[in-house]
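In this document, chain identifiers A, B, C and D correspond to the written order of the chains, with residue numbering beginning at 1 in each.
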Amino acid sequence: MKKLINDPRAVVGETLEGFGLAHRDLVEVHLDPAYITRAGGAMPGKVGVVSGGGSGHEPLHAGYVGQGMLDAAVPGAVFTSPTPDQIIPATQAANGGAGVVHIVKNYTGDVLNFETAAELCAAEGIDVRTVLVNDDVAVEDSLYTAGRRGVAGTVLVEKMAGAAAERGDSLDAVEAIGRRVVQNVRSMGLALAPCTVPHVGKPSFELGEDEIEIGVGIHGEPGRRRAGLEPADALTDHLLEPVLDDLGLAPGQRALLVVNGMGGTPLSELYIVFRRAAQLLAERGVAVERSLVGNYVTALEMQGCSVTVLRLDDELTELWDAPVNTPALRWGV
Amino acid sequence: MTELDAAWADRWLRECARVLAARREELIDLDRAIGDGDHGENMDRGFQAVVEKLDEGPSGSVAAALKLAATMLMSKVGGAAGPLYGTAFLRASVAVGERDALDGPTVEAMLAAARDGVVARGKAEPGDKTMVDAWAPAVDAAGRAGDGEAALAAAASAAEAGALATKPLVARKGRASYLGERSAGHLDPGAVSTSYILRAAVTAAVSEISAGAE
Amino acid sequence: MKKLINDPRAVVGETLEGFGLAHRDLVEVHLDPAYITRAGGAMPGKVGVVSGGGSGHEPLHAGYVGQGMLDAAVPGAVFTSPTPDQIIPATQAANGGAGVVHIVKNYTGDVLNFETAAELCAAEGIDVRTVLVNDDVAVEDSLYTAGRRGVAGTVLVEKMAGAAAERGDSLDAVEAIGRRVVQNVRSMGLALAPCTVPHVGKPSFELGEDEIEIGVGIHGEPGRRRAGLEPADALTDHLLEPVLDDLGLAPGQRALLVVNGMGGTPLSELYIVFRRAAQLLAERGVAVERSLVGNYVTALEMQGCSVTVLRLDDELTELWDAPVNTPALRWGV
Amino acid sequence: MTELDAAWADRWLRECARVLAARREELIDLDRAIGDGDHGENMDRGFQAVVEKLDEGPSGSVAAALKLAATMLMSKVGGAAGPLYGTAFLRASVAVGERDALDGPTVEAMLAAARDGVVARGKAEPGDKTMVDAWAPAVDAAGRAGDGEAALAAAASAAEAGALATKPLVARKGRASYLGERSAGHLDPGAVSTSYILRAAVTAAVSEISAGAE
């Protein structure tokens, strides 16, 4: 295992220290327990927006703390959901008296830990709502699974719920925006090469010379199926078609298209994928009105990408365009 | 015969820490196959924290020991296992109440409470390829055994058998469920760690000295 | 070779197509010959700022085209400098009548091709100035080499020269700002793992399990020396100390610190490096007043990082803070 | 004996394209060792473009052929080699002037002009481990030979020897110079490609049919 780290067990803490030093103007980093808050603290009367999950997905979630997005983020160990003793102070810090929305990716661990924290916060008088993100169409949504996973769509939920909170929406309204984004967003990913969790020290899965994992998650977990390597255009189609079918995106509708890198893939390759995805959407009569290309929800140094499509309406577009000033997403300010 | 008292409970937790540290890699590999590879690290980190807490002084009662474990696991493990084991130990602590030492029926009650906690949180049923597949047969076996120690031994053996029986199953809860049919052919890491935790309870009961000396 | 590409020879063109589709609001992509211009074209009376070089360093250079930075970028084949027939139309497009500054990384190929283009543009009446970037302290600057290479410091030159042009500085002044940045910026990099040029199909160099390349460039070329893997803090010191010594940064001076990813390294590792770099600068009595952490000048999927330090003064700080609105760098707008 | 005329010049360029395509991998590997691995691809891309241009119709004169090569190499090769070879062919074209065919002295003049072009652009001296180490001895050898064909043959052999002699050198120009002492022990890719280009001139002269048939 070759990594730019010191002690595998210190990775999360040292990352946070560096993050805090690099973004002093935007965020405040708390180390024990670990959570990140927007510089300046809770804004009285504003709904707080908090998210969190395992580390290793940087810039998710800490990179999205700041004006117009998250009030606090809670990082767990690498690929391991955070614990209630972190989520609770983060929620308290984000509460400006108008309640807090938890944005939680749909993994058993995240759900259980945020649930526990929410119960304890409620007992303290904080009105906590939970928006579960489950955009990954690679996983069947059936009674017989833990449901769909939350992946790159999470960034869109955080951005738009954050923008709604920033413009002064009520707790009900921010929660509703979050759910509306979830209802209208779908994703699917693939990996060309696995990643190595620092404290594990070996690759999360093994792939042959010409093998890829289709439907891979963002935790280095194996995907839905193993397949042969194909040209980028064909691979893009394999990701995008299930996304569009599941979303039922009709001709004439408008979309936000995200091509997200898993961490170890060059930006140039993401643009090649974006090119094909935009072509396919054009063929289907869908207008790509907003887009994002880059490493937004990663799995350490995994090589691969995911494609996310959100059905846009006027309000969501406005919330997307609203000013945001975070370490990883910034415009309009 | 050893009393299943406060000292035993502390030894149990220390023995858990020892075994889970030793089994760290194995649990990581089991979880890499059908999950995200962190279960061994999660359990090791959690029980190390339990031991650090115990090092500040004996917990004083079985219930206090179980509660201490619940709190530390809840705040240090994270993932799915943290809240599940946290709830299990918390419910077990409540079930034990103010008893100084456990006999057969209270062992059974303790394990049943733990199992119910896991089910309440995780909503898994037997056969879903989760730690419930170790807890559920353990409780049943404890109910059919005699004194406390026998109940623990029966529970541990049943948990082991239950864990082994997860191999052919297709997961329907937790991260492994995302793999669908591909989850078959592998042991469930949480079921295996449950069997280690229950076996540790037996070890702590039979070998007062070796386990307590650590 | 596992890449998200179609045809290895089509990588640059398809990347540009995707880039153009994703950033229609900011840039215009020209395909044959290949160059990228700021949307809206040349601004009359404004000095044009143009840069370029081999592809494979994305987001450099095309990602920095836009308000407050570059007017045009010229991408060559992967790791190969562009040719005059691309540089000339890019220069013409960037010329608003006030002349054009070429920002060129100091590689023989880039220097020669930009030189030829500049001569031909001059013959056409465009006043072209060249700012050579040579920030890499890993390479000896002696009469017996081609001089130092230009690496991640290039982004700072592009940002500050671009900001000077945007505020209406004269050609002389923009050129002078570019040179001032070059005089005050130093970098050094390392690689944990090589990259693979698409049309080559094999790794640019081979490294053992525990080996790294110290002083690596951004073209997959071997570095100055091979060394053993060490903890991130020690590696950071190996990069930063030569940078600081060469720059002669004195206690009480102010710095802009960049920790740049080579393309395949997780953001978390870059923050761990940043943490140590900031510590070391603090120990030396230098105030880190501005910073940048991320993939800004890459070498495809190479794993590794570089550290760049710029000595700040009031004017350079102001130029850094000035609004910028490009695909890869955006603030203040 | 073949005339070194316009048809020969076209055959030379086509033979360059054939040889450099065949040597693409080899030149890539030489450049990977002490550079960035693109030299084989650059030269192949450039001469394919030359051939595409030639396919539009014969160039008509030696000077026109050399100028065509200069223009295409300049606009398609990029890197260091593009402007260097571009300038070399451009200067060579000027040196040849309106001559219909080359004899010994004009071959020498053409090669000298090419060498001077490379030196003017790249400022390298013999011994710096660059393509100059192939061009310079080639010019000297051509001067000592007899007729045009002999001059070409002498030049090609000298360029080959010059290229081989770059192996122990430490590079002082171009990308390889960044490696310092580590550049010793490898052939310079540009010197090797120069030797292929000069050998192609000989092949085009001696084997009118095989090279011309492509």
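Methods note: contacts are C-beta pairs under 8 Å (C-beta built on N, C-alpha and C of every residue); 3 or more make two chains touch, one makes a residue touch a chain.
All values derive from a computational prediction rather than experimental measurement.
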Notebook entry, point to check: Quick one: which chains contact chain A and chain B both?
Noted result: none
Margin query: Centroid from C-alpha atoms only, then distance chain B to chain D, rounded to Å. What do you get?
Written below: 75
Item checked: Length of the line joining the C-alpha centres of chain C and chain D, rounded to whole Å -> 32
Next item on the list: List the centre-to-centre spacing of chain B and chain C in whole Å, with centres computed as mean CA coordinates.
Entry: 54
Checklist line | Length of the line joining the C-alpha centres of chain A and chain C, rounded to whole Å | finding: 29
Check: If you look at chain C, which of its residues touch at least two other chains?
Finding: none
Next item on the list: Pull out every residue in chain D that's touching 2 or more other chains.
Entry: none
Margin query: Using the definition of touching given at the top, classify the network of chains in this structure as line, ring, star, complete or other.
Written below: line
Check: Which pairs of chains touch one another in this structure?
Finding: A-B, A-C, C-D
Next item on the list: Could you pull out which chain C residues touch chain D in their complex?
Entry: 33, 54, 76-85, 107-109, 112-113, 115-116, 138-140, 144-146, 149, 197, 199-200, 202, 204-205, 217, 219-222, 224-225
Notebook entry, point to check: Contact residues on chain B for chain A in the complex?
Noted result: 28, 32, 34-38, 41-42, 45, 74-84, 86, 121-122, 172-175, 177-180, 182
Margin query: So in the complex, the part of chain C that touches chain A is made up of which residues?
Written below: 2-7, 11-12, 14-19, 21-22, 55-56, 58-59, 63, 192-193, 209-210, 212, 229, 231-233, 235, 259, 263-276, 278, 288, 291, 293, 295, 298, 300-301, 303-305, 330-333
